[in-house]
Each structure stands twice: as C-alpha cells, then as structure tokens.
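Got a structure here, written out as structure tokens. Questions coming.
So that you can tell them apart, the chains are marked A, B, C, D, E and F in the order they are listed, and the count of residues begins at 1 in each.
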Amino acid sequence: MVKLKYVERPKLSLLEKLLFLDFIKGLKVTFKNLIRKTITTKYPYEKLTPPKRFRGTHAHRVKDGNEPPSFSVLEKFMDINTGESRCVACYMCQQACPMPSLFRIEAVQLPNGKKKVVRFDMNLLNCLYCGLCVDACPVDCLIMTDIYETAKYQRESCVIHMDDMSERGKDFDRRRLKEPDRIWIDDQERIKLWGQIKWS
Amino acid sequence: MTIVQQLVAGLGVPNFQVLIPEIIVLITALLVFVLELFTKSRILISTVSVVGLAVGALSILTISEGAITLYGLYIVDSFSLAFKFFLIVFTILAIVNLQPYVESKKTYYGEYYYLIIFSLLGMMIMVSSPNLVSFYIGLELMSVSTYILVGLWKKDYKSKEGAFKYLIMGGAGTAIISYAIALIYGKTGSFDFARIFHEVQDKSDIGLTVAVALLIVGLALKASAVPFHFWTPDAYEAAPTPITGFMASVSKIATYAVILRVMVEAFPLNNAIWSYGWAVLAGVSMVVGNFVALKQKNVKRMLAYSSIAHTGYILAALASPNGMGFTALIFYSLVYLFMALGGFIFLSAFEKNGNWTNDIEDFKGLAKKHPIMALYMLIYMFSMLGIPPTVGFMGKFGVFLALISSNVWWLAVVLVVTSIVSAGYYLRVVAYMYMYEPVKEGRFYLNPIEKFTVGFLAVMVLVIGIYPTVFWEISNVLTSVLIMNIGVR
Amino acid sequence: MTPEFVNAGFPIITVSILIPLVAAAIVFLLNEKFAKPISIVSSVVVFILSSYMLLTYDPSGYKIQFYEKYAWIPQFGISYEVGVDALSLTMVWLTAISFVVAFVWSTNIEKRVKEYFIAFLVLEAACIGVFVAWDLVAFYVFWEVMLIPMFLIIGVWGYSERIYAATKFFIYTFFGSLFLLIGVIGMYIYNYVENDVLSTSYFDLLKLSLHYNLEIIFFLLLALGFAIKVPMWPFHTWLPAAHVQAPTAGSVILAAVLLKMGTYGFVRFNLPWFPEASKYFMPVMFTLGVIAIIYTAMMAIAQTHIKRLIAYSSVSHMGFVTIGTFALNQEGVNGAIITMISHGLTSGALFLAAGFIYERLHSYEMKDLGGMAKFVPVFATLFMISAMASAGLPGLSGFVGEFLALLGTFKVSILTATLAGLSLVVGAAYTLWLYKRTMFEEELLTEEKKEEYSKLKDLNTAELWSFLPLVIFMFVIGIYPNWWINLINNTTHFVLHKIVGG
Amino acid sequence: MEMLATVIGVVIKSVIFIVGMFLAAAYLTLIERKFAGHVQQRPGPLHVGYHGLLQPIADALKVLTKEDLVPNNVDKVLFYLASLMAFVPAIMILAVVPFGDPFTIFGIEIKPFITDLNIGLILALAFGSISIYGVIFAGWASNSKYPMIGGLRKAAVLIGYEVALGFAMVGPIMMAGSFSLREIVQAQEGFFGAFIWYQPIAFIVILFAILAETGRTPFDVQEAEAELVSGYNTEYSGMKFGLFPLAEWYIGTFVLSAIAVILFFGGWKGPHIFGVLSPFIWFFLKVFMMFMFFLWVHWTLPRYRVDQITEIAWKVMLPLSLLNIFITAIIIIVKG
Amino acid sequence: MVPYEYYVALSGLLMVLGLIGVIVRKNIIAMLISTELMLNAVNIAFVAFDMKLHDVVGQVFVFFILTIAAAEAAIGLGLIMAIYRMKKDVDVEKLTELKG
Amino acid sequence: MELSVVAFWVLSAIAVISAIGVVFFKNIVYSVLSLISTLIAISGLFFNLGAELIGALQILIYAVAIVVFYVLVISTVPQYKGEAVDPKYALLSAPFGFILFLELAYVSVYGLWASNTGIFSPDIFKEISNAKAVATLLFTKYLFPFEVASLILLVAMIGAILLGKKDIVEDEKEGGA
C-alpha cells in the first residue's frame, strides 16, 4: 500500500488574511513584469538565430578533409570527390528512422567497382525532427542545420535532394562550424533575461 | 417641520406588555430553530417547544387589559386573546403527538416544530389584526409555513403532490385576497377596519361589492369552502397525520376567526353582500363535502371532506349577520377544535403502527382490540354528526338557531339534509369498528400521550356537550367584544 | 288552564335518570361478571322509584309533580326542567318495567357483555329523560342520545343483516328528529320575537298563539319527527328491519318504549301546541292511521318470519294510537294512552316469546316451527295470554285501549272507526295464526323434530321472571282499567284544553 | 413641444452615450490586450496602426464580417435574443450614471447624465442583474452541455454576489442618505470625505462582487477554458459572439467601476485644474484607474472553483456586508 | 394624464390572465408562473390607487406582496424539484396519486 | 398627447401581450421570457405613475431575483413535451375570463374610488423623494408587518432548502430509472 504524504500548505496568519497579503504579493509580481522590457521578437522582421544544436532541416556534410576516421576506411570503396556529399549509402539513417518511408536512397556500382550515391531524397513532410538519423550516421554526413522556415507552396517542394543538402551543409559549416557549442545564442544575454541557472 | 418628521412625531413606543404571548411564542420558535442545529435530541426539542408554548398560553392569562398597539396594526382584545389561548393549547396537543408519529414513519425533521410554531405565530397575528396589512401578513405566515409542513415528508411522493396543489391554490387565493384588499384600499383609502367602516358605512357600490366578493372568494379558498376546496383532501391526505390535525383544527379555526373579524369589523353594515355570499358558499360546501365524503374509502380523506362539510356548517352561521350568528360561529369553531384534532390524533395513533393504513377496512373490529379508544372515536364521530350529548350537537344547534332567527330557512333545510347524508359515512366508521370482526393481526403500540390526548379531547367533547354554558358564555362575550369594536379606533 | 307545579322534596326523577348512568359507569369500571347483577339491581331500583311515583301521584287537577328546574344554558333560556304528569308517569313506569324485563331476560347474553349492559343502561336513562323533560332542548337531547345505544345494540348484537338495519334505523330517526329540531327552534325563535321571552320551556311555548299558517308549518315539522318514530304508515319501513335484526331485549325495548316516544310526542306537543292544525290534520292522520292499521295488518298476515309479523302488528297497533289521539276527544286520547301502555306490555311479551323460540330452535321462520305447545306448556300459556292481549281479548289490557280509542273515533268519524274496527278481525287472525303455526299443528311434525322437541326445556327462572310482570300487568289493566283512566283523565283534559275548551 | 424637446434631448444624449460607450469599450479591449501583453512580457497588438491603435476597429470589422454560424439544434429565437439580453442591460446602466454636475455652455444647460432618479443605485443594480438572463438563456438555447454548465455557473455566482453587492452598497447609501448617485457624490466633500475612508469593508466586498459579476478571474468559472471550452458562448460565432465579452468584460466592468468610483472615491470631484472639463477628466481618470485595477487582478490570479466562489459569497461576503451595515448604523446613531 | 382607473382595469386584465393561466396550463411550472402574474397585477392596482389617493401606504403594501411572491416561488420551486426528482415529469395530469 | 399617455398605452400593450404569452406559450422558457417582459413593462408603468422605488424594486426583486429561480429550475428540468394548455379548460375559461375581465374593467372605471385622502401630493413627492416617503412609513408605522415579512422569508428559505434537498426524495441509486 502506498502511503501518501500530504504536504500542508502553510497557514496564513490572521494579518495576512485580513490584508490580503498573498494577494498583494501576487499583484506585485505582475506589476514587476508589467514594467519590464518585453522579450518578444517581431518575427518576420526580426529573426533569431537558433543555437547551434538546434534541430532544423537536414543537410549533408561534404568531403572537405575533416572527416572522421571511419570515413577514411570506407572512402576506398566510394566514388566521392571533394566537395561532394560524404554519404556512403549505408542506410543506417533509414534504419534508425521511426518513419522509414522518409528516406529514398539509391546507390549504383560504377564499372570501376566503386559505389556511387545517386539519390538521397528526404520527404520532410514525414519528418519529425527527432535527430536519430543524425546520430546513426557513421560518417558524420547527415546533420541538422539551424534552418527553421520550412513552409513551402507545394508538397513536392518539401522533398529535399542530395544536392541541396550538400549546399546547405556547406553553408552551415561555413557559418557555424567554428562557433562554440552553447545553449543559447548568447548566454550572457540569456542570463540577463532569464536569470542565472543555479545547479543544485 | 418636514412631512417626515410629522409622520414620525405621533409614534411612541409600542405597548409591549400586551404582546408578551407573541414574543414568547416567537422566542420559542427561534430557540427551537437554533436548538435544532445543535442537538439531535428530539425529546429536548419537543419539550422546549411545548414548554415555551405553555408559557405563552399562561402569559395570555396575565393580560388584563386590551390595547391597540404597534401603531394601530395590532389589537389585543378578549376576542383575540381567547382565540390565541385556544390556538396555543391545541398546537401543544398537536405537537406532543407529532413526535411518536414521525419517529415511526421515519420522516423526522426537527423543522416540524418550529414551522408549526411559526404557523401558530401567523395565526396569532391574524386573529388580532385590526388592519388588513397585519391580517394579510399573518395569513401568509400561516399559509407559507403550512405549505412546507405538508410537503415535508421524507421520500413520500404524495406529500409533495399534495403540498404543490395546496401551494397553487393557496397562491391563487393570496392573489385574490390581495386584489380585494387593493380594491378596498382604492375605495376607502385605508387598510384599517375602523377607517374602512367609517368610509363605507352602509353605502355600497359596485366597487365595494366586487371587492368584498373577491375577499370572500379568497378567504373561502383559505378556509376550503366549496368550490375552492380542491386542495383540501389532497393536502390533508398528504401531510403527516398530526400535522393534518393541526391544519384541520387550529389553522381552520384561526381562519374562521379572521373571517368573522374582517367581515364584522370592516363591513358590518354591508352584510347584505357578504352574508348572502357566505350562505351560498356554506350551502354548497355542505352538499359537496358530505356527498363526496360518502364515497371515500380512506378515513383520513373522509375526515378531510367532513372538514369541508364542517366549513359549510360553521360558515353557515354567517348567513345570519347578527349577534346570534357570530356567537354560533365562535362556539362551533371553538368546539370543532376538539372534535377535529381528536379525530386526526386518533388516526395518527393507529397509523404509526406498521401494517395499519387509513383504509376503512382496517377499522374492522377495532372496538375489540381497543375498546376505550374505539369509544373515543365513537364519541368524535357522533359529535361530528351532531348527536347530543356531544358538543357537535350544540354547535349545530347554535347554527340552526342563528339561521332560523334570520329566516334563512333554505340553508337550515340544506343543513338538515346534508347532516342526514353525513350520517352515512360517520356511522360507517362506527359500524366498522363495532360490528365487524377484526381482520388485522398484531397488537398496536399506543403512546400514553396519544391515549391521553384522544381521551382528554373526547371527554371534553362530552363534557362541553352536556354543559356548554361556559363556552356559550365565552362566545357571547367574544361576540359582544367584536361588535363593540366596530368603528372604534 | 295553567298547571300547578309541585316541587319535589327529593329529586326523585333526576335520581332515576342518574341511577342507570351511574350503574353504566360502574359496569364500565368493574369486571364483566358484575355487569348483570348491577344492571338488574339498578333497573329494579328505578322501577321501584317509578312505582312509588305512580302510587303517590295526585290525579286531582292538573299538576306537574316531582318538578325540578335548574338553569342549564341561560344564554338561550335553556334549562334542565323535569317533572311528571300522568302521561309522563305512565310512560316512565312502562319504561322502567320494560327495562327490568329486558335485563332479566338478558342474563343469557354472552357476547361483549359489558358493552351490552352499558348500552342498555344509557338507553334507559335516555328513555326516562325523554318522558320527563319539559324543556324542549333537554327533550331533544334525550331523544337523540337514545339513538346511539340503540344503534349499537342493533348493530353489534343483532343478526345477519344488522348493520343495514341499524343504519336504516338511525338515519330514519335522525332525519325526523332534525326536522323536529327545526320546528322546536322555530317555535323558540317565534316565541322570542312575539313575547320577548327566551325560553325553551314547554309551558312558555304553550303560551304562544301562532298564526294559522305558521301553526301548520310547525305542526308538520314536529309531526314528521314523531311520525317516523311512531312509525306511521309511509315511514314505517325501518321498523320491521330493526325489529328483525335486533336482539330480543333490544326488540322489547324498541317496541315497548321507543315506539311510544312518537305517540307521546303527538299527545304531548302537537295537540296542545297546535290545536287548529291538529283539527286541520285530523282527516289526514285518520287516513294514515287507517292505512297503517289495515295495510300493515295485511302485511303481517303475509309474513312467515315471526319477529317481522310481530313488528308489523306493532305498526298496526300504533295506528290505533294515532287515530285515538287525533280523535281529539277525551275518550280517544285516553284510549290512545292506555293502548300505548298495553302495547308496551304485550309486544314486549311477544318479542320475548319470539326470543325464547329462537333460543331453543334457532329459527324465526314459521315453516321450521310448529307443535311446541306440548313440550313447553308454561311458555305456551304465557305466550297465549300475551297473544290474546295483543289481539284485544276483553279482560286483557289490549281491549280497553282499543275500545276507548274506537269509541273516541266513532264520535268524530264513523267511517274511520268502522274500518279500524273491522281490522281488529284481521288483527285477531294473524295473532291466532302466529300462535297456531308455532305452538300447535303437531300433525305436521316429523319424527326427528319430535325427538328434538322432546329435549326442549321450558322457561328457566330468569325467563319466567321476565315474562311474569308483563302478564300480570296485562291482567291488572284489563280487569281494572278505571284506575289508569282516573289517573290520566285530568292530563288528557289538559292536553285537549285548547281544542275542546276549558 | 415640451415633450418633443425632452425626447430629442434624451435621444441625443443616449446616442452620444451609447456610441461613446461602444468606442470606449472597443478601446478598452485594446487596453486590456496591451496590459495583458506587458504583464506577460509581450508587447500586445502592434501592427495595425501605431502600436495597434486601430486594432479594435479591425477586430470589429472582422467580427462583423465573419460568417454567422447557427448550430442545428439550438432554440433559434432564444439563441439570437440571448446575446442581446446580455448586452442591452449593461448599456442601460449608463442611463443612471452621472458623469458630472450640470453645467452651462453657450447658454444651454447641459446635464451630463440621462436621468437623475432618486433611486438610481437600485436601478443600476437591477439592470446589472438583468444581464444574467443573457448568460443563462445563451447556455440553455445552445442545447449543448458546456454552455449549459457555464450558464448555470454564472447564475450561481451572480446570485450570490448580487446580494453581497446590494448589501455592501447600503453603507455609502446610509452615509449619504440617498439612493441618487449624484447626491452620493455630493455627500463626499474633499479628499478625506471620500467614503473609501469610512467604508473599507464595503469597498472590498464591492471589489469582489464586481469581479464576480463581470466574470473576471479569479471568478471566471463560467467560461473556464480548461473545463468548458468557452462556457456559455461556446456555440456562438461572429457578432453574436462578440457581444458577450464586450458586454461583460468591458462595458460591465467599466460601468460598475464608475459606480464604485461614485460610491467610494467622490465621483468627479477633484481639484479644478483642468478648467471646465476637470470633472470629466477626474471622473474618467478614477474610473480608468479602477478598471486598470481589475485588469491587474484579472491577469494576476488563478481561477477559483465554483463551489469556493459561492462559498465565499455566502459565507464571507454577505456577513461582511451585513457587519458593515451594522457598524455604519451604530456610527451614524452615535454621531447623531 | 391617463386616468388612474385605466391602470386598475389593466391590473384586472392581467389578473384574469393569470387566473386563466392557473386553470388551463398543464405544466406545473407554468401554473406557478401564472400565480406570479396575478400577484403582479395586484401591484399595479395598488400603486395606481396609491397615486390617486396621494398616499404611500399602498406602495408599502406592495413590498409585502413582493415578499410573499418570493416566498411562494421559493417553496413552489423546491416542491417542483422534488416532484421532478421522484416522478420525472412536470405534467399536472400525471399528478394523480391523490384522488377521490 | 403627453409622453406619459403614450408610455401607458405602449407599456400596457407590451404587458398584456406578454402576459398572454405567459399563459399560452407552449415552451415554458418562452413563458418565462414573456414573464420577464411583462414584469419590466409593469415596472415601466410604475415609473410612469411616479412610483420609482417600487419600479426599481420590481425589476430587482421580481424580474431578477424571483424569476432567476424559475429559470434555474427550468434549466434543470428537461423540456416539457406535453400540451401547453388543457383544451377543454381553455375553451371553458376563455369566455369566463372575458366576462370576468369586463366586469373588473367596469368596476375599475365606474367604481366610486376615493381620491386625495392622503398627504403625499405630487409636490411633496418632489420635495422628499418617493423612496424617502415609502421608507419612512415602512420603518415606522409598518415596521411590524415588515418584521413579520422577514419571518416569512426565513420560513420560505428553510422550506425551499428542505424541500429541494436530495434526501427528502428517494436516493438516486434506489429510484433511478
């Protein structure tokens, strides 16, 4: 049998009851907020840059020399030039995805025996941005960028292709690769707005 | 001096000395009201109410001088005092019998007590009103309390239905009385009986006639005269039996008293209008009440119709708008208290036993099981029938006397014929009690209080029937008080 | 003609009313087994008191004797006013003896004994009260009180259809008596208006001189009340039912006492109060009386139920009383009064006989009876005397009254007297036939019946003692009626003084 | 002629009052939205007009042009009538609210009130409580359970607080000796003559009552979104929908604030620093402060349960107001 | 000015309508409502007479009528609730347990 | 024509029409709605007569306090499906009611009513307000009935609570259909 523990609310003293002190306390809090600066951004006109770890639309990293060691092993069997997507068509992302129909990956064997990825389409209408595919990627190819405006006019437009992804990957790396890994765009500012988090 | 000051200047402190009974009754009611919140002891509550009322009744005896007090809204004279005394005493008798009944029926509410007392207070205000305002307000306090009393029976649908019918009819009656009061006010510019009398004298025009007619209709509704009687049997059957007894005796008597007071003190010279109206109502009441009662199989319902018939007998006295008629009315109403309450308490005493109902079949052979109680019931029945030496005869005798002295022969004949019809059902009860073998098994438990009440009232019915002089004297004095009050302010 | 009032030194009348009531209270309180002796003793005491009054009554002149008057309801001038003149006294005496007989006979009652005797005792008080009251309200009160015990007696101790009979009896009588009440109150109010006297006393109302029309109205109102009680012809239907269903003692009282109240009322109230109306209604009353005599005599012949037969014969006899009364002369009224006494005695005895037969054979139907005389000789003798008295055999009481009544009637209307006289033959016929069917006709008896009858017991002591006084007084009156006539002559004179003058 | 003049005068004044009230109510919505935004560190409406100044008009246009849906099984007559019944009485209270003393301008005497009845306060109370029918009938006519429950809750709350409100008003009435709102104002002389100093209990009760009557948090059980979707107006749309909050939240609150100001803060009295218009300015300033206070409370507190609310009404507020009457009476008697 | 008598006539009309309502309606709530209508009619008569008489006692009486109307309504509705809970109906023709 | 005359006819027309609605609407909610309308019209008549206090109280107590209870009860009781009026009674009562009305109207127009017996002429009403006049009488001379009226309300309150309480009817579980 589970023993429930009741936590008694602290009783108000008579004075507090008579003068509605708790009520006034509440009013005080509201009033403090009233005279504070607003924290709203005027979105279409002002856009915030999300933090680096933001999970936006997907992108492919390209072969640029910063690859992890696993890639160098696999590279031998692949036909990838510098500047092209690192994808090795291992299907790990598709395996990890809770929504397998999201990916459409095709690779061909070239006459020289090497493997070439010819298609890497993602139907983002099905994506739920969980990031499992990114974790699964053995060659650090598939990443998530900070792009959050995913609205399109046609359904077809929501399917992204490998080339676009490579471009975005390049762009993202260019913008954010050097940035340190932080919670917010500017921790100082966050602390100013929300207060210092005290870890207990 | 502004007009407000002028108005206030004439008002002194009311004479509270003569209001002691009302104050005591009110305090009792409030005491019971408060006590009921804190205690579950029913004995305590009923004892407190009985003691309070008894003190109230005794305090009436201490008042030696009448007065008009509360700025002309309250009159304390022998008429009101005597009626108050009887009302209180009989309320006590009803209350002491309530306890065993509701307990056995498992419908206990402490509210019964103070509602009864509030109702009593309304009656007390009503009978001592020299003014239509206090009359109206007292009448309503009585009625409103009674509506609740009727409906207050746990898990009993009939009770609700009866109370609702009572409420609707009573509400319509209230509205009609109010309208009549409005017309009288428009006619005379006052609510005061004496002022009304001075304004009206014996000049009656169509407005006054309609006003008095409406007043009669409304009061007849409250007194359950035919054709405004529809609520009576239902409400009487629905209510717990001691409450029915209370309604059938105490509240009715108060209503008769106030009818008398209004008619005599406000419109003494317009009696051509009202005596005829009451005569017709009384005649119809007697006929309908008695003939319908003949068909009843349920004794409680039968007694309800019989009370309608008695309304007829009593109000018939108003057909003779002179001292004799008033005396007869007062006498009959006072003695009717004894019969009606006794009859209903008898029913309640037996009804509280499990397998007993009010059906006439259950009366079979009662005389064998309870010879003494059956004898009491026999006395009540013959009294209601009007056989000497019981008091019912004396009441009818007075009414006869009044009717014949005013040459209202037709009503006297109606009274005779309907009395004979009534023999049909009263005798049936006696016959069932005495002349059949018992059908119901088992013993009845009767409370000593019930035995005492029924016996006391039966003996009183006999004693007053044999020696009615005291009551006739009371009635005579009250009548003369009433007549002397006319136009006095 | 104003009566003299002789006050009683000792309130003997009040005492004789109270004795039964006190006895009733004692019976109520004590054990069942004391009921019979107490009742009998009290009734005997009352009988002794009434006999004392009868013997000490001064028949010279018209005096109200043993007179008492106390204020009762002074507001209305109502008082408790009792006293006796000869008419009252004979009736009181008849009541007393009837009750003695009834109580003695009732010793064999077993069902609800206490209530039975209480009812009879209250009835006795009421009956005496009716005959001695000179105040109209008191009279009415006693008149009505009598209904309650009688209703119970018929209803509780009667036979199969007792409730119907009791209710019918009650409602009929109540109906009449309410009109009686209206009449009385009308007189009272009229007296108040005319003479400014608030009184319900008989003699105060006697002073009233009414307008002719009013007199007729009041006569009718009062007559309705009395006629039902008598019962006169169209109102008689309650009587057979009540007699048949009542227990034996009840029948005795009903026939001997209650029926007399109606005729008593006629003689006492209608004649002196409404002389003109009485004259006016004489033909009507004669007609009704004759119809009653002949029609009910015919009805009696047709009966097979012995109690019913006796009941119809009562109606027939009361017809004689009616015509005697309304002959409006000395002989007629004297005859009526003597017939009342005589009928009280004879019909009482006949009902006792019927009761005896029922107790022995459990049947009232003539076809079950017959041939008893041999087995119960004493009873047969007494029954024979009673039957003869009833049929009007000279030397017995019945003859005197009927003869005088017819004599009076002859002076007024020969036709009526002839018709009534002829019906005497019919009367004799049914009485004799009754006797023959029950006591003789031995040849019709079957063997089993004979065997059954041989076990019959004759009258036991109580029954004998209840028969004997009746039979004795039948002889006494029949042989020496002059004493009674002397006794009542002045009273009759007073009753008629407004009609015949003087 | 006299009659015509009276009628025309009243009509003009009424039109001014009603139109003014509509505009005021519209802009009160803006104020509320701004206020609520800032309390939550949002700016509120910004874009329609300068800082959203035209937002109310845009909203009004939107509400008016929206499709007016009437669900299938509603009681049509009552459904339409209910929104009006909620709205009209709220406006009608204005008939008895004075905005200042009469003054003369261009030789014409202008009375800045529609009528000055000597029982104005009772009438205000009466009209205020009639609006309850709108709510109940809206709930009933919708033939749906959330509106029904919302309506019944509102009725329960209203009944309780109407009584407390009425009794609380008795204190100032006793001190002023009149039911007339104008006379009550005139009875309050100077800064320390304002009845707030003598009737703090009544003031607190009235604050609670106004919150409850206008259905503002913490007493907004009738449209508790979490439980009842939107309460009694769940089935409403378009203009009919718009009328409910307009009547309740804005006009109701405003008018009741005005009455509270008249009762406790001396109405339009104040230093004559704005010339002729100073009574109006003071009055509206005070009313505005009152209104803002209600907004403040609304956006601060969480919601009570309905049983707690009725309990507070009957067990706390009613005794408090009765106590207040008692104390006031004693003080008046003692002072003579 | 309209004569005060007209007001009284109006009150008579409303009174009659209320009475008819009590008699003919089959819904018990409607019967109760009709009694309220009757009481209201009386109020008009009182105030009209009052103004005609230059008196205020009639208005005082209207107070009492208001009180009583409230009391009767409260009890009546309590009873209706109880009846409805037991019988699940508010038709007056179904209220027939007490008969005879 | 004066304003008050117009007001009288308009308001009384509203009152009568709504009263007819009260009696003959089948839907009980409409009946109540008509009742509210009647009450408000009557209150208007009171204002027209000059009895402002009663007019305002009429709305406050009658149209709101009392009728709200009706509405609450109607809301809890499902819609009534039977006939609105009993046809046989309706046929009977229509002529009867009409005659009664004619009689009352005749009486009210031709009756010999008293007038001007009191001291509260319109001038005095202007001087001291209507409310003050009524209150003065109510709290001095008529204080006693006023107190009794409070007793009536107390009793009625107790009664309404007791009668409406659940345990006075059968338990829902036992009696539930």
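FYI, contacts are C-beta pairs under 8 Å (C-beta built on N, C-alpha and C of every residue); 3 or more make two chains touch, one makes a residue touch a chain.
Note that the coordinates shown come from a computational prediction; the quantities given were computed from them, not determined experimentally.
Asks: Hey, what chains does chain C share as contacts with chain D?
Replies: none
Asks: Farthest chain from chain B, comparing Cα centres?
Replies: A
Asks: Two chains share more C-beta contact pairs than any other pair here; which two are they?
Replies: E-F
Asks: Calculate how many whole Å lie between the centre of chain A and the centre of chain B, each centre taken as the average of the chain's C-alpha atoms.
Replies: Centres of chain A and chain B (C-alpha means) sit 90 Å apart.
Asks: Taking each chain's centre as the mean of its CA atoms, how far is chain B from chain E in angstrom?
Replies: 25
Asks: I'd like to verify one number: the distance from the centre of chain D to the centre of chain F, where each centre is the average of its C-alpha atoms, in whole angstrom.
Replies: 27
Asks: Two or more other chains touching the same residue: where does that happen in chain F?
Replies: 2, 53, 57, 65, 74, 104, 107-108, 111, 113-114, 117-120, 130, 132-133, 137, 142, 145, 149, 152, 155-156, 159, 162-163, 168-170
Asks: Going by the touch rule set out above, what shape does the chain contact graph take here: line, ring, star, complete or other?
Replies: Contact pattern: none of line, ring, star or complete.
Asks: For each chain, which other chains does it touch, given as pairs?
Replies: Result for touching pairs of chains: A-D, B-C, B-E, B-F, D-F, E-F.
Asks: Which residues of chain E touch chain F in their complex?
Replies: Within the complex, chain E contacts chain F at residues 1-21, 23-27, 29-30, 32-34, 36-37, 40, 43-45, 47-57, 59-60, 62-64, 66-75, 77-82, 84-86, 88, 90-91, 93.
Asks: Along chain E, where are the residues that touch chain B in the complex?
Replies: 8, 11, 15, 18-19, 22, 28, 31-32, 35, 38-39, 41-42, 45-46, 48-50, 52-53, 55, 57-58, 60-61, 64-65, 68, 71-72, 75-76, 78-80, 82-83, 86-87, 95, 97-98, 100
Asks: Residue numbers of chain F touching chain D in their complex, please.
Replies: Its residues touching chain D are 1-3, 27, 29-30, 33, 36, 40, 52-53, 55-57, 59-60, 63-65, 68, 71-72, 74-75, 129-132.
Asks: Could you list, by residue number, the parts of chain A that touch chain D in their complex?
Replies: Counting only chain A, the residues touching chain D are 23, 26-27, 29-31, 33-40, 42.
Asks: Per the contact definition, I'd like the list of chain C residues that touch chain B in the complex.
Replies: Residues in contact with chain B: 72-76, 112, 115, 137, 140-141, 144-145, 147-148, 151-152, 155-156, 162-163, 166-167, 170-171, 174-175, 178-179, 181-182, 185-186, 188-189, 192.
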